[in-house]
Each structure stands twice: as structure tokens, then as C-alpha cells.
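Take a look at the structure set out below.
Order of writing sets the chain letters: A, B, C and D. Residues in each chain are counted from 1.
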Amino acid sequence: MSDSLALLLVPALPLAAFLLIFLVGRVYFPKFSGILGTVIMLATTVISMATAYKYFFVTGKVDGVYQHLIAFKFTWLPFSENVSIDMGAIMDPISMVMICVVTFISLMVHIYSLGYMKGEDRFAIYYSYLGLFTFSMLGLVLSTNIFQIYIFWELVGVSSFLLIGYYFDKPSAVAASKKAFIVTRFADAGFLIGILVLSYYTGTLDFETMIARLTVPGSELTAITTAGFLGVSALTWGLMLVFMGGAGKSAMFPLHIWLPDAMEGPTPVSALIHAATMVVAGVYLVARLFPIFAISCPVGLDVVAYIGVFSSMFAAIIACTQTDIKRVLAYSTMSQIGYMMFALGVAGYGGENGLGFTASFFHLFTHAMFKALLFLGAGAVIHYVHSNDMRDMGGLRKHMPVTHIAFLIACLAIAGVPGFAGFFSKEEILTAAHNSNPIIYWCAIATAALTAFYMFRLYFNIFWNKEYHAHHSDSHHGDDHHHGEAPWSMKAPLIILALLSIATGYIPFGNFVSSDGQALHSEFHLTSAILPVSLAIGAIIVAMLFYRKKNAVPDKIAGTIKGVYTGALHKFYIDELYLFVTKKLIFGIGGTIAAWFDKNVVDGVVNFSATVGENFSDTLKKMQNGKVQSYAMYFFTGVLGFVLLFVFLWDKF
Amino acid sequence: MDMNFFILMKPELLLTGLIFIIMFAKIANLAENNGRFLILVNTLLVLNFVAGFFMNQEGTLFSGMYITSDSMAFEKNILNGGMMLISLMAYDWMMRCKNTPEYYMLLLSAQLGMFFLISSGNFLMFYLAMELATIPLAALSNFDLDRPKSSEAAFKSIMSSAFASAIMLFGLSLMYGTTGTLDFAEMQMLVTGSSLQVLAFIFVFAGIAFKLSLVPFHLWTADVYEGSPVPVTATLAVISKATFIFVFMSTMFTVFANFFMVWDKVVMISIIATITIGNFMAVRQTNLKRVLAFSSIAQMGYLLLGVASTSVQGASSVLYFMLIYVFSSVAIFAVVGLIFYQTGKEDVADLRGFYKNNKLLSWVMAVALFSLAGIPPTAGFFGKYFLLTSGAAKGDYIVLTVAILNMIVSLYYYLRIVKAMFIDKSENDFERISVSPIVTVSIVVCIAGVLLTGMSGEVYEQIKSLFLASN
Amino acid sequence: MSDIGLGHFLIVSTMLFFIGIYGFMTRRNMITMLMSVELILNACNINFIAFNKFLFPNQLDGVFFTLFVIAIAAAEAAVAIAIIINLYRNRKSIDAEDADMMRL
Amino acid sequence: MSLSILIIIPLLTALAVIFCRNAEQVKWTSLFGSVAQLAVSGVMFFQYNALRKAGEVAQFVFEEKHTWFSFMNINYHIGVDGIAIAMILLTAFVVVAGVLVSWNVSHLTKEFYLLLVLLSTGAYGFFISLDLFTMFFFLELAVIPKFLLIGIWGSGNKEYSAMKLALMLMGGSALVLMGLLIVYFGSAASCGAPTYNLIEIASHRLDFSTQMFAFPFLFAGFGVFTAMFPFHTWAPDGHSSAPTAASMFLAGISMKLGGYGCLRVAVYLLPDAAHEYSWIVVLLSAIAIFYGSFATMMQKDLKYINAYSSVSHCGFVLLGIGMLTKTAITGAVMQMVSHGLMTALFFAAIGMIYERTHTRQVEKLGGLLKVIPFLSTIFVIAGLCSLGLPGLSGFVAEMTVFQGAWQRPETFYRLATILGCLSIVVTAVYILRASGKVIMGPIVDEHHTHLSDARWNEKLASVILLLAILAIGTAPFWLTDLLNPGSELIMNQLTAR
């Protein structure tokens, strides 16, 4: 199979699954749709793995450097001679890694959902949406053109919208889906303007051409750096606006507010979209444009780094206080993406400087595994308990042993305990940060400790703490508790992912992904690992002390740092602030003014002129009093008027 | 008297003949049977109309007192046609009338006056013809003898027109005093533009403007239209207007040609006042006939645009529009008459729910109204467009703007009628109006005219050639 | 007589003209209104004859015009009076102010 | 092929409708006529492409010219280029859908269809005219059917809306008329004799003062038709009161007459003036875009929502035109086509929902996805198209406009473009708000639990429009290929100083 055909099939198969299930399957074989989707997904996964394998080990490397290959490309929407939106597929290390991650996690979720979503009314729709999402995500990562990425960017946005709003009769789900879409849409508007800025100066939308023109000194680079607005060069504006899009999708502060709410969607969806794939699109986007950032716009990269690290810490603090297990995971996701983001931010182009780049993708890769695992595990728990709140849980380790072990592995991985995947990737990031920026480094260390703490807070609260008693008061959920832990379709992905959460750490990632395509051999410094690891283990111990058995310590501590605690519990009131600014200020006032203006001024003028016309008409009507003598008077007045005007006044003009 | 006399005066002689035939019919008691009499008259009118197309010559008679030209012959044909259509459309009403022969005698006398008016080459002839065209119509306004409104209309008509023509006559006397002649051609040479002549001109203008219902000489119009029997209203609104606009045009182009600087301005002011006030007056009227009266006032303003342009194109546009106006108005008055004489309803609001039982009549009315409003594909669109074009050719963009903006106002009250018929619901159904075949013929001809006159460019070309030939 | 010139005639006619107009507008009796119109017409007649006599003594246009005007005035009056009679039959009034059934 | 067939088919259909005996015949006749028209338009599209491929270089093809009023140089002159063909295709699609959607109009069915067909005749004629007089003729032809359609079959405050619409559109055409007369007499200087011939006027550039004089009239006049701020107020009332098919026609076709006129007459014939005035155009359209979307936010009635959003979307058309770059102009035409299809679909969906629930108030609706999944899906797709989702036509058009607009480097134009870009966020807000409430969420009214989903005609109508939307949204290159020669000519006109 040729590369172009393979890469055409990779997004096309999920699309076919979507169309098939949405148009046909929904009506004719709703039950079978899940299997169908899963089979197609399996095929896609196999093809993409094979393609990636071929790329990494056979065709991709020329003279020790991984090439950017274009598998296929055609003009989709020509704007002018040179500028056009092309649809195509690019083959380079990051896109290959991404298609593997996306297809694999998607496959896991497909399998998992067979059990998790069983019996749902809109089972077929669910699978069709999964197909749509997978298609969009694959299209996104394979983009050769910045506008192509924008197109798929929007499509993943909408599939995320559809999946979050899957339980459409739940107002909270609807609200969450709207919020997710609108917030990312806002970010995308920035992205769009960024594209316009970049394409205007480079005269292209093609990634490779654009990167070439903006990294090698030339007329375009001169033009874009000299042009500016508000004292910032057009290049920085463009990149920052593009990054705004990335930040929106990757839930970076301050555009993160949608992510926790997005947990209203079905849990497997959260695993797929809001943990492993879509939310890392921002990281992918920055990575895609990395040469421009690194070579021509280091300021931009700094912004990326600081926003990344801030988001990371910010989210970690909030995660320590949340009780909804999915929200804890959501904040943890945000925190981990912040890690990836600042890893990119601290990286440079080429050689050892590019460690951050590699580390970022390494972390992206491992994070996809263990975070998906965490979500799927949480899903299994929720499936069992029928609640998202960790206060309803406790002592579940006996009830669901497989989930317990898998979840523990994932927690260990994310906490960065040596031997698990997360350890390796996190160490690389920390090394990269250490090499470049001490502030970021120390923040990252602190975050790592917090990560370990809240993850184990979660873990202990779910599986230890008090003994589990089913809440029979919750009557309509009552009888479901007889079904045991979970069906195999749910357990199998947990097991596979648990294994991978350990195994993926041992991949020599630098060999494959690096900022300039050349293999990067990072050395593992034991000394630098001591501090974060010990902090992590310390945090785990603290969490164990706090939450293994039910006790009053956490509350006491919360009491002593009341301000911070309440703030974090309420997510530092960012949501409220946004709500106020958007709903009250912008939409409220703007909308009210516009509507008022429309009703009273624009419409008012029209109606007023009608009224004036009618009044004028009424006045005129009074001339007509029905008396022939007054008519004669008007007549004669008219004659006199003309006489006055033309006989006496005419010459005066 | 040679043959020339008969050929040149053919339209007038035919009319006179008609009047005599009717008179004999009356005397010979042939008119006892209304139906037979009406068939006779209508047949004669049709023949008269057809005869108008043959053997037309240009020339003058009575040492310039009587002039005829192709365009005049065409104008007379329009009048003949209009008269015929009105007569046909009034058939149902006539059938119930008592004094049909008198009606026709008066009507045709008035028409005879109009013919002479059109052909007059001398102010004596002009004055005589004008009175002949006015007085019988005033008498006709009173034709519904028992309806107080009818006699009031007649009273207003005769009084106002007597007053107006007296003032005009005063102007004429002054014209005579300053030039020493009454002949159009001679007077044209002698017009100098002195103040006295301007004064005289304004008096004369007022007299004609009265007939055309230009603002502020228009106030009689609505009352007379409302009170008169519908066919008479139609005659006033259509035939009389058509005559006087033509006469106005020919006098302005000939006698007062050297007076252009003055009358141009006078006419411009009149146009603005007429169109604006005419339209706005119509906006709040409730009586259908009054709405139409004011609409006809406004239409005159548009016609003046063509006159004021003093070009061949303007003149032919005027004639063209007049033709279309005849078709549209007769169709409207036909429907209005049917409604009025069968149900007694004459308010716009009374038309509510009209469409339900009178589908075709509603469409007829709507199409004719759209023609007046200047909405394609009706001919009124073309007519108005050409008038505006000729106005624009002259470059009076202010007047043009007023005229064009007023089209919106006019659309409003036309649509009000359409709305009442088609859209508004009424509690009790509007009864079905019966239409006799002869009336149907009239309506069909009118609607065909409304739809076809514009779509085929031929008609306009034909009219244009009349003026090109005579210039 | 030689000192009575065109001017005098014109003054008389103009006075008649305005009296006629004034009368037409103010007298409420319909017949009087009609008479006022006659006054205006007579003003015109005087004009025509005076102009003819003083300015254009070698023609007869003005004189003839006057004759026709008199004739027409008679016809007009006939029709007008007929109408007024009919109005009176319907309304029992010949007050012009009362004939305002149709208005606005 | 003879282009007049595009006018003849609807006229014949109208004639046939008049002689139909019952409602069924009327419906099938109209459907047949409109489908035939669609087929003819399709054939024309392919023929046009074939001609172009064969190296045809004439600006307009299938030209036909007959003298109408020779003295005034008025001709019945028709011909098409790619832009016109796109508009004709749009019209044909919307008409078929409109005819199908109105299948259960029971009150005065014959008249309803007659007026629909007449309305479409006006639109077809307008798009193919190459003579300004002919164009104006067809432009006005379409006004009265709208009045009657809204007045007779409308809902709500229909009399007011119908009157307002008719008068405002008449006002628009009054302005156009002024502009046309100025152009006509102005062309005497450049063309030798006054002419209405579009090609001739374009090839002999009008002198500058005439252009400057005529442009405001023409642009504002056509602007009224395309609901340009501040002349848009007929649109919300008119759309919301109109029956479904009339709303579709109004928003889908009629508003496009204005956009097409702005482009074909105002910009093409008056290029220098267009340069001078472009900032005003851009300013007004930027206001329209943003203001329209904010006003939409406050609406409670679904039709008002779509109507105001149409104002906002048509702002993109004018924005594209006002930017005066080739890409932006192509984008403006794409936006016209796209918005036409999308808004027709949206109105169709709203109309079908209204027919079942008897309310259009957002707060009285909810959870419809559960009861009428097909219609709800259509509603959501139309909404997504409106908010510019890739894969649907709206995205393609808006992006082309933005891309083209950004080519104007002046800060003012940039700000307008940015405003435009930001408005897509606002669009997302109101679209999601509306569909979130109406389609998703719990069912509000228990009467709504037993609604029937779309019937065959409704499904067919929706699918037809949807296919067109998808055809543009997923493969926009055919549309740009169609439009580019046309916008290039306009561009040449604009750049040749």
C-alpha cells in the first residue's frame, strides 16, 4: 500500500464510518453500529501503525534526518494564484506519532464504549460521532496547510460539541457543550486572524513554504518583522494569535474554562477528546510551527512557556480541591498539557536545545496512555457507582480489582514515579526546563509534587477511605449494582492501557521526534531526577495520610488556608468572571444596545417617517373642508402666490 | 367646402353625427328600450373608434382656428377609445338608468368640446371648446338625480369651473390686450415676457391647471369624483384629464413657447406640489373614489414631468402614459362602479374580503392599481419610467427625486386597497359581484392594454413617430 | 369723452373682477355666487372690448370674443341653475355652506 | 442554448398554474416547472463550463439582444457569466425547495404558487440581465409578490411587515432608479449616446463625477434589497411574518438581488466611485455584521433570529464587495450563494417546526431532537452552516471574504475584517443558544411529545438544499472556478484607472 493511499484511508475510514452509521446504521442496524465502528477503527489503527512504522523505519529517514513528506495534496479552495487552501497529508515524525496516538486511543475508546454505552438510546449516533471526531482529528494532524488545520480544528470542535452534548436532554450537558464550543470558537477567531496575518506576509498558507519563508531571511521575513501594530511585530502578532487558537483548544489559562465542564460528556469521550487527543491539538499546532517560533520569534516562545507553566500550576492547585473525579482529571489534563506547552516553550531549534520539543511530544505520547487509562478507569467507577463525586465513593478496591490496579498504575505514571511512563517524559521536560529557565523549572517541580498529591487524593478517595455502600436512596440507580465490576469490553482497554502506561516510557523517543528531524540522544541524569521523584513520593505519602482512612486532617488544613482553598474550590472565580464579562457586559449590554437601537432608532425612523407622513396627510385633509368657496379661495391664493413669485419676485433672483 | 373639410374634421363630424343620431333616436322614441338603445350606441361608439384610424390628414381649417395633426388624431383616438371603454364598462349601470339618450348626448357633446379643444388654433375656439367640454360634464355629475351627493358634486363642479374659467378668461383678455391677437401662431411671435403677460399667463395656466387638478387648484376634484356617478367620474378622471394634459402640452409648446423660462419654473413648482400633496392627500382617505381622485392628481404631476421636458421624448411619453392611464383607470373605475352600484360600498375598508368571492375582479383591480403605481410588468411601469427619463433628460434632479420618492407614498395607498381586497378578513363575506359580458369586454380590453402596451415596444415607437413626423 | 381712456376701462374691469372674486368667495347664496361669476366674466368682456377699441381698432377679435362669452355665460348659468334647483330639491337649501356633505 | 428559457419556463409554469383545476395539479405543475428550471440551470452550468474549457473568452456567454424601445436605447439584453450562473443555480435550488416546503399550503394554493413562480421569474430575469432597464424591470417585478405572499399567507403582524417590506423595497428601487437615470444620461458622454447596456458602459468608463453622483444611489438602493445597515429593518419583520417559502425566497433569493446589483451595477460600472466610497461600504457592512449579530442575540423568535443573522451574514457580502479585492469579491458572491442556501434551509426548518409546534418562541420550545429528529438535525446543520462550520458552505464563503478582505493593508479595513472575524464567535453564541434551547435540553411543552417528523416533501426539500450546501462546503473549487473569471473582470475594471 502506497503512503498516499494509506494516508488517504486513515482519515477516510472513520469518515466512512461516520457517514455509514449516521445515514444508514442509525436506522437499520443501530445495535450493530458499535461493532461496525470498532472494526473500521481497528482497520484504521492497523493502517496508521503500519504507515508510521514504515515512515520511521523505512522511508522517513534520509541521511539521518526525518523528512517532511507530502503523501498527497490537492487544491481545495483557491483564493488567488499562490494562496489556496490545500487538502493533503503530511508525513513527518510528529504527524506520525499523532496518528498512532489518535487511532489507538480511539480504538480503545471504541472498544470500551461497547460496554460502557450499551443500551443507550442513541448508541449508533454515539459511534457515528466518534467516527466524525476521529476523522477530524486525523485530518488535523495530517494537515499540510495552515488553513487545513483550521478546518479540521473547527471540525474537532464541533464533534467535541456534539459528544459533550450527547446527553442532550440534560441542561448541564447542553450548557457545557455550548461553553466548550464558544470558548474554543473565540480562540479560533484569534487563530483565524493569525492565519490571515501570516498568510498576508508570506503569501502562502502552506506549512512548509510558510516555515521556509519565515525562518530563512528574505523579503517576507523582513516584511513581517518590520510591519507592526501597537509596537509588536506582525510576526509576533500572527504567531500569538495562532497560539491563541492552540491555547483555546488545549485549555490553557485563561481559555481553560470549558474543559472541566466538558466532562458532562460520556466518560469514554472525555478520555478520547478531552484527555488524549483533541486537547493536545494546541501543542501539536505550536510544534507544527515550531521552527518559526524558535528561529524567528523567541518572544512568542517565551509566552508559550509562561502560559504553559502558569496553566499547569494553576490547574494543579484547583485539582487538589475538586471532588468530582472527572473534574479532577480534567484539571490534571490541563496541568499536563501545560507541561507539554512549556516544554515546547523552553525548547530551541535543533540539537540539544530541542530537548524540550522531544520531551513535549514524549509526554504527549505517554500522557495519552495514562490519562486515557485514568478516564476509562474513572468511567468504570462511575459506571459502577453512578456518581461522579468522590464523596460518594470509597473502598472500591475490593469491588473492582482490575480497575483498581489499572488506576493505580496510571496514578503512579502521572505522578512520575520511576519505572512508569510518566516518569521518563516528565524527567525530560524538567531537564529541558532546568537547562533554560529556573523560574519555569521550579514551578514545574512544584506542580509535579501537586500532581502526585491530587492524583493520590483521588486514588485514595475512590478506592480506600471509607467503605463503599451503595446509595439505595438513589432509587432508580439502585438495581444496577448487581452487574459486577465491568464487562470485558471495558476491562480489556484498561488492561492494555495499563500495560502501555508502563511500557511507553521505555521508548527512545528522541530517536524519532526532534525539533529538526535528527535523532536526539538525551542523557538521563539521575541527579536531576532525585528532587522531583522524592517530592512526588512525599506528596503521595501525604495524600495517603490524609485520605487513606477517613479523618479530619484535610478539613483542618483546608481551614487553615481557607482563602486559597475556597478560591481553588471555586476555580478562582474565572468562570464567574467570564460569565460576567460575556453575558452581562458584552452580550448583555451590546445585545441590549443593538436591539434597542434597532427597535427604536432604525425601526423608529421608519415608523416615524410613516407617522409623519400620516400626520402630514391628516393636516392636508383639513384643507378639504367641503366648501366650494374655500376651494375658490385656495385657488385664488394659488394664483396670487404664483403671481407674487413670478411677477414681483422673479427678477430679484 | 371641399372634401378636405370632411377629412380634416372627421372626428368632430362623426361625433356630431352620433349626437344627432341619438337625438333622433330619442325623438323617434327609439330609445324606449334601454337595452336596444345601448347596443346601438355602443356599436356606434365602436365604429366611431374604428373610423378614427382611417383617413387621417394633417392640416388647418378656418384660417388657423382649427388645426389637426397626427398626434392630435392619435389623441382623439385615445379619447374615442376611452369613451368607448367607459361606455361599455358602464353598461350595467346604464341599463338601469332612465335618461340614457340624454346621458350620451351630454357626454358626446363634452367629448366634442374636447376634440375642438385639442384642435383649437385660436383662443376663441379654445375658450368655447373648453366650456363645451366642461358644462355638459357638470350636468352629468348630477345624473344620479336623487342622490344628494351627486347634485352637490355637480354644484361644486360647475361653480369651481365657472370660477376657474372666468379667471382664465381674464388672463386671456390680458393676453389679447398685450398681443392684439387670439391666434396661437401669431401670439407665439408676439409674446415678449412682460410682467403683464406673465400675469396673464399665470391666469391662463391656473385655468388649465384647474382642469388638470394641479395643486393648489385641485380641491374640487375629490368631491366631484366622489359624488358623481362612477362612469362620469371615470370620464372626468380619464377623458377630461387626457384632453387637458394634451392641450396643456400643445399650448405650452406653441403659444407660450417663448415663455419657457417662466412656465418651466411654474410647472416645476406645480409638479412638486401636485405629486407630493396629491399623494399625501390620498394616504388617509377612506373613500375609494377619493383615493382614486387624489391618485389621479398625483398622476397628473408625473405627466407634467414629461411636458416640462419639452422634448419629443417627453411629449410622446406623455401620450404613451395617457394611453396607459386610460386603460388602468377605466379598469379600476369599472370595478369600483360594479361594486358601488351593486352593493353601495365605496370605502376602502368595505372592500375587505373582496377577493374571496370575486377573484378575477380583484386581480383586475390589483393589476390596474399596480399599473398606476408603476409596478412591472404592467404598462404603468414603462409609462412612469419614460416620464421620469424625460424628466431626467432635462436634468431637474430635485423634481425627479421628489417624484421618485413619491412613488413610495403612492404605492402605500394603492397597496392599502390591495390589502383590503386580498389580505384583510371580514366577518361577513363580500357578495359576489355579477359582471355582464359587455362590461367584461371592456375590462378585458383594459387589462390587455395594461399588460401589453408596455411589454411591446411597438406602441411607444408608434407614438414617437407621430411627434417626429410633425416636428 | 376724450379723457376717458383705456386706463379707466381697465380700472373698472379690474374692480369688477375683484368684486366678482370677493363675491364668489363670501356670498353664501348660490345664485349670488353665480352672479359673482358673471361679474368676473363681464370684467373680461370689458377688457376685451376696451383692448379692441383702444389698441387694435382695426380688428373685431375682442368684440366677437365678448359675444361668445355672453352666450357661454348664459349656458353656464342655465346649467348651474338647473343644478342648484336639483340641489335645492334634495337639500332644501341654496346656501353654499350647506353643500359640504363631501369633505376631508 | 437560449437563455430566455430561464424566463420562459417560470412564465409557462405560471400560466399552467392559472389553468390548473385543483391544488394537487397546482403543486405538481409548480414542482415540475421548478425542477425543469433546475435542470435547465444545471445544463447551463455544464455548458458554460464546457464553453470556457473550449477557450471561450467572451465576458458574457449565451448573449441575446432584442430591441425593446429603440429610441431610448432600451434593449432586452441578457447573458450570463459565472457569477450569474451561480446565482441562477442558487435560485433554482431555493425555488425547488420552496415549492416542496409549501406542499401543505391549503389556503388559496393556486395564488400562492403563482406568486412564488412570479417571484422567481423576477429573480431569474434580474440575474441574467445585461441591460440596466431590463434589470430594473425584473427587480421591481419581484416586489409585489412578496407583499402579497406575506400579507395573505403570513403570520403575526403580517400587514405591517408586508407594507413595510413593500415600501422599503420600493424605496430601494426608487434609489436604484435615480442611480440608473444618472448612469444612463452620464453614459452619453462616454459612449456617444445614452445607453443602458452594461457591457458598453463598462467598456467606456463613465466620467468620474457621474460615477461619484450615481454610486450612492445605486449602492444604497441595492443595499436596501440586501438589508444593508441601516436599511435592514424590513428584513426581520418581513422574514418573520412571511410564510416559510416566502421567507426562503426573501432571504435566499431576494436579498441576493441587492448584493448582485451592488456588485454588477454599482461596483462594476462605477469602479472609481467604488474606490472612493469603499470605506463607507466597509464601515456600514462592518456595523451590519456586528450589529446584526448582537441584535440577533436578543431575539426570542426563531425567525427573528435567522432574520437578524441574515442581516449580519449579508454584511459579509457587502464587506467582500467593499474591500474591492478579487478574492473578497469572489468571497462575496460565494457568501451570497452560501447564505442563500443556508438561510433557505434554516427558514425551511423553522417553518416546519413552527407548523408542528405552532410557536417560534425559543423559550416555549425544547428537546425537539427527541421527537422530531430529522427536522432537528436539519435545524442544527443549518445553524452550523450559519456559524461557519467547515464542510458546509458558510465556512468557505466567509473564509474567502476574510482572506480577500485582509489583502487591504489599511488599518481601517483590517479592523473591519477583525470585527468580521470576531462576529463568527457571536454567531456561534446565538446559534448554539437557540439550538441548545430548541433542539436539545428537556421537552418544555408536553404537547410537543407527539409531533410527527418530516414528510417526504419536507425531507426532499431539506435534502436538496443540504446537498447544495455540502457540494459547496466540501468541494468549493468548482464554485471558485466558476466565479473567478467574473470577479477578475470586475477587478480589471477596478484596477484599470
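As a working rule, contacts are C-beta pairs under 8 Å (C-beta built on N, C-alpha and C of every residue); 3 or more make two chains touch, one makes a residue touch a chain.
The shown structure was predicted, so the numbers you read here are calculated from the model rather than taken from an experiment.
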item	value
Those chains which touch subunit B and also touch subunit A	C, D
Distance-maximising chain from subunit D - centres being C-alpha averages	C
Between B-D and A-C, the pair joined by more C-beta contacts	B-D
Chain whose Cα centroid lies nearest the overall Cα centroid	D
Inter-chain centre distance, subunit A versus subunit C - centres from mean C-alpha coordinates, in Å	96
Geometric centre distance via CA averages, subunit D-subunit B, whole Å	42
Inter-chain centre distance, subunit C versus subunit D - centres from mean C-alpha coordinates, in Å	65
Chain centre separation in whole Å, for subunit C relative to subunit B (CA means)	27
Sites on subunit B at which at least two other chains make contact	155-156, 159, 163, 167, 222-223, 412
Contacts with two or more other chains, residues of subunit A listed in rising order	621, 624, 626, 628, 632, 636
Pairwise chain contacts under the document criterion	A-B, A-C, A-D, B-C, B-D
Subunit B residues touching subunit C - in the complex, by the definition given at the top	123-124, 127-128, 131, 135, 138-139, 142, 145-149, 151-156, 158-159, 162-163, 166-167, 169-170, 172-174, 176-177, 180-182, 222-223, 226-227
Of subunit D, residues touching subunit B in the complex	67-72, 74, 133, 136-138, 140-141, 143-144, 147-148, 151-152, 158-159, 162-163, 166-167, 170-171, 174, 177-178, 181-182, 184-185
Of all residues in subunit A, those that touch subunit D in their complex	75-80, 83, 85, 147, 150-152, 154-155, 158, 161, 165, 168-169, 171, 174-175, 177-178, 181-182, 185-186, 189, 192-193, 196-197, 199-200, 229, 587, 590-595, 597-598, 602-603, 605-606
Subunit C residues touching subunit B - in the complex, by the definition given at the top	13, 17, 20-21, 24, 30, 33-34, 37, 40-41, 43-44, 47-48, 50-52, 55-56, 59, 61-62, 64-65, 68-69, 72, 75-76, 79-80, 82-84, 86-87, 89-91, 96, 99, 101-103
Residues of subunit A that touch subunit C when the two form their complex	621-622, 624-629, 632-633, 636
